[in-house]
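Following this line, the structures themselves.
You will see chain A twice below: alongside chain B first, and alongside chain C after that.
Our next item is the complex of A and B:
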């Protein structure tokens, strides 16, 4: 059976909450029933069929096409299946996601993978602020799963994240890994200023040293961190399109911090490959 | 039955249920991985006095270890999961963690698990860090050489201990020449180890003793120096040494394969090179539920 494909007819005038359309909820539903689902669009309700033309039938392989920059909450709380988006997406993509996989061939808005619990998100373009962060009112940010961003990401990547892995192949804004509780962030481009500010635990791995680190990080020297071998082995196995990791680690400049909040976190600036 | 002129007794090896785990030890080089593995499997020949039986299973290429470094697979056997957990903690803590650059991972992924890093992390005195990668939790314990990496737990499985065969030789020199080659060939069998020093037992035991404080004692029927002393000696006049190879395995197939390989290599020496007979140790079949009949294995 062909994947269920929703092609946007024309961009809506107001923002649309699309969290109702997740594979685990749609599987088993007829196309007509899916077309009749009512979505919140600004202060009114609209039917899926009014916004999208539907084709295919396999809801476990949901495909969304068009400029979805005004569509928020795509894949939110999904637990299984695959969502592939060809185009831009709005905010809170994969928020509170528990499992499954989301692939975006375009840019994503703010709060990508906010409070995510599991699964995988891959964005081929850039992402906004607060990737993997916690929404206002949440005790913490993502606590599981993996986010891979091929382009740049905005400010506060992994803000208050508790577990999981975020990989940004491009640059990030300031305060990357700020207030982290745990988890791992890898940045291949330039991280903005004050990476790791206020982090309690967790690991921020950078290829290049940021211009300004928080003053409350102490230098531990050039060290071989065997953990990097396991992490990179996992990442290169799961994401073959990560050639940046080849020949990297375990040698790095290690900074521990944020000493203002316990100092159990770490910033690692990777050095060139070193045997064993 | 005879193979290459070597007589094969129509008897069986009697083996017992055990619990086992597999650990993967990695280090900077094979040299240091072996140092950790040899230390961990040292003093682990017999459950009678060592608390567990353990042996090196095989070398692992760096492409197939969790951290991409040279690795050694080790099997550890004990009579219960509790005893296994106790021995694993002591041995990994004292032998692997203390070996410079060494790390320890689970090599068995079963639902039944015993702690590894879960308990050893406390050595970190609060500075330890845990990392969850691909659903597996690792502990990073800061130590003087850098960081000791250890997986949270390791799997436990039902296993079999005590597969064996006896080699009747002209002398210890003749017996060891054959046994060394046999043990080397048996190392290629996955899931089985020979826990005794060099894989060979020089002083096999029997159950019981004339002394009340001893549970086991020398197997006098197979001692060449007692041939003229005990009336029911199992040795002919020309046998000057009996060596035993004990095999512990994760399943019956692994032990069967290891025994077949070992006996065939031993028999290839033949009587002209001092190997006369092959037998096996048992307790009348009443103690261990697993019986490995030599004639069936070699059929």
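Our next item is the complex of A and C:
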């Protein structure tokens, strides 16, 4: 069976909550029934069929096409299946997701993978603020799963994250890894200011040294962190588009912090060789 | 205009009507006596085969005041999965355990409730509480003002002031805060907490004032009685949630020496220390004491399994419980030296021994207290469970086999520690009508509510009888509020504004002189700003005050 494909007819003028359309819920439904699902659009309800033209039938391989920049909550809370988006997406893509995969060929909005518990998200473009963060009031952000962003990410990547991996191939905004409780963030580009501010535990791995590090991080010397080999081996095997990591590690400059909140977190800046 | 509700099966315990087929007439928002010619009614609603009761009254539900707002602010995740969309006549809202004001009013009305009472209004927070309640549509509301840990009263007690002066202070506070009754929460304990005491038993002295909870309880119970406040002192006792507190509760009952007392969320105060886990049910002893002492009434504060949030003035108890917070966040604060406030989110679980036994203890109390006029149906919303679980609770009380099925799913050790399985009592519709309508109205002194006699306010709920009592009670066919049809088939059809019930006991204004000095010296506002005017509640016609006359003292 061909993947169930939803092609946007015309971008709506107001934001649309799309969290109802996840493979777990759609599988086994007839296309007409899916077209009749009502979505919240601003303060109105609109039918899926009014916004999208539908083709194909395999809902476990859901495809979304068009400029979905105003569509929030795509793949939120999904536990299985694959969603592929060709175009921009709105906020909270994959929020509270438990399993399955989301692939976005385009840019994503804020709160990408917020409160995510498991599964994988891959964004070929750039992402907004609070990647893997916790929504207001939540005790923590993502606690499982992997997020890979090919472009840049906004401020507060992995804010209060508790477990899982976030990889950003481009730059990030300020406060990358702020208030982290645990988990791993890898940034290839520039990490902005205040990386790791307020982090309790967890690891932020940087390939380039930022211009400024928070004052509450202590330099702990050049170390061979053998776990980096395992981590990078895992990542390059799972994601063939991460050749940059091949052969990296385990040598790094290690900074411990944030000393203001216990100092059990670490910033690691990879290096090719000893300076002496 | 005369409306006739014809042929319904009426349960009206206040007038002794037990399931009789009667016609009820409504004129100008009131229940009218039957006219000579029934055909003169302009509207006739055929209710044959339906059950007709007065609108239900919730005498203890935290729906207003600072702590509810704190609970809302603390739990955005309680709101996100539970949106209430707007309709053409209702406004949008959110929330499961701590719903927004509008959602609170709609959900109560949709369940057939027409009056709800906020039991813990701090005097300093009265304005906020009333404004919040003003935002709750349809239902009538009122509040009990919280005393017993306020600096002024404790100073008076420490200085050995006379009962008459204390009565004046209590009456002043009821009047200034536009309250209907008086509540005491962990008498003296909230204040003692601020003096680093982490528990305060009935006869333990407050470290600073040297006053004991027993003294505070007795003085306030006497004040409430002597002032002619219809509702007895509403007591949230010492040692809430502490295993072994059944002894404290029994001592409290004995210590009040025959004065009327209402012990609230008694389930949380009925724990023994027997068994391997040193936690057991004291329900039988409590129910026995309630049965023996006609001056005592209780509401249960049943817990239900699931996520909720506990919001209480008892900062001492809430501080003690904060380790159990789920999700792991909590708030504990002082408010204007009046008392305090603690908000701790909770998830009660079937398979957790303590929670399972709490559930069973609540139901044991319901079933072991003989007189339904003295035991009211509450979950201490939202502390035991959100009020939306009432229909489920009613089914547990009315349907023994369903109750036993639920009981069988509990933690096995909790089942062994409870006698619930052997209790055969099933509540009748008449008894449900007593405990949810007639009894709270009578206790609160609402003479024209909670019954269907001529002259009463036309707050009426009509149900379709169903073997599944939960289904029956969660979706009434019709709800009338002051004669207006507000709910049809469980959906809001019209939004009206409810009234605020208050009381004005007489007192000697001389007390205001010493209060004025006290306010000027210590408080963040002046006495005249502390007082709520009628206009603030009436709010250009949006609100309405119903001033009750106290019982002749």
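Note that the second predicted complex is superposed on the first by the 272 of 276 C-alpha atoms of A that agree within 3 Å, B and C clash if a C-alpha of one lies under 4 Å from a C-alpha of the other, contacts with A are read in each partner's own complex, and residues count from 1 in each chain.
Here is the rule we go by: a contact is a pair of C-beta atoms (placed from the backbone, for glycine too) under 8 Å apart; a residue touches a chain by one contact, two chains touch by 3 or more.
Here the structure is a predicted model, which means the values were calculated and not measured.
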>> What does the overlay on chain A give for chain B and chain C, a clash or a fit?
In response: fit
>> Rounding to a multiple of 10°, what is the angle at chain A's Cα centre between the Cα centres of chain B and chain C in the superposition?
In response: 100
> Who wins on chain A residues touched, chain B or chain C?
Replying inline: B
> If you stack the two complexes on chain A, which partner ends up touching A:234: first (chain B), second (chain C), both, or neither?
Replying inline: first
> For A:105, is the partner it touches chain B (first), chain C (second), both, or none of the two (neither)?
Replying inline: neither
>> Contacts for A:139 in the overlay, against chain B (first) and chain C (second): which applies, first, second, both or neither?
In response: second
>> Going by the contact rule set out at the top, does A:203 touch chain B (first), chain C (second), both, or neither?
In response: first
>> For A:31 in the superposed arrangement: first (chain B), second (chain C), both or neither?
In response: neither
>> Taking the superposition on A as described, I'd like to know which of chain B and chain C A:86 touches: first, second, both or neither.
In response: neither
> What's the minimum Cα gap, in whole angstrom, linking chain B and chain C in the superposed view?
Replying inline: 22
> Overlap of the chain B and chain C footprints on chain A, residue-wise?
Replying inline: none
>> Quick check: in the complex, which residue numbers of chain C touch chain A?
In response: 74-77, 80, 85-86, 327-329
>> Using the touch definition from the top, list the residues of chain B that touch chain A in their complex.
In response: 28-29, 66-69, 101, 103, 127, 129, 131-134, 138, 140, 146-147, 149
>> Under the definition above, what is the set of chain A residues touching chain C in their complex?
In response: 40, 43, 135-139
>> Help me check something: in the complex, which residues belonging to chain A touch chain B?
In response: 144, 163, 165, 184, 201, 203, 223-227, 229-231, 233-234, 238, 264, 266, 276
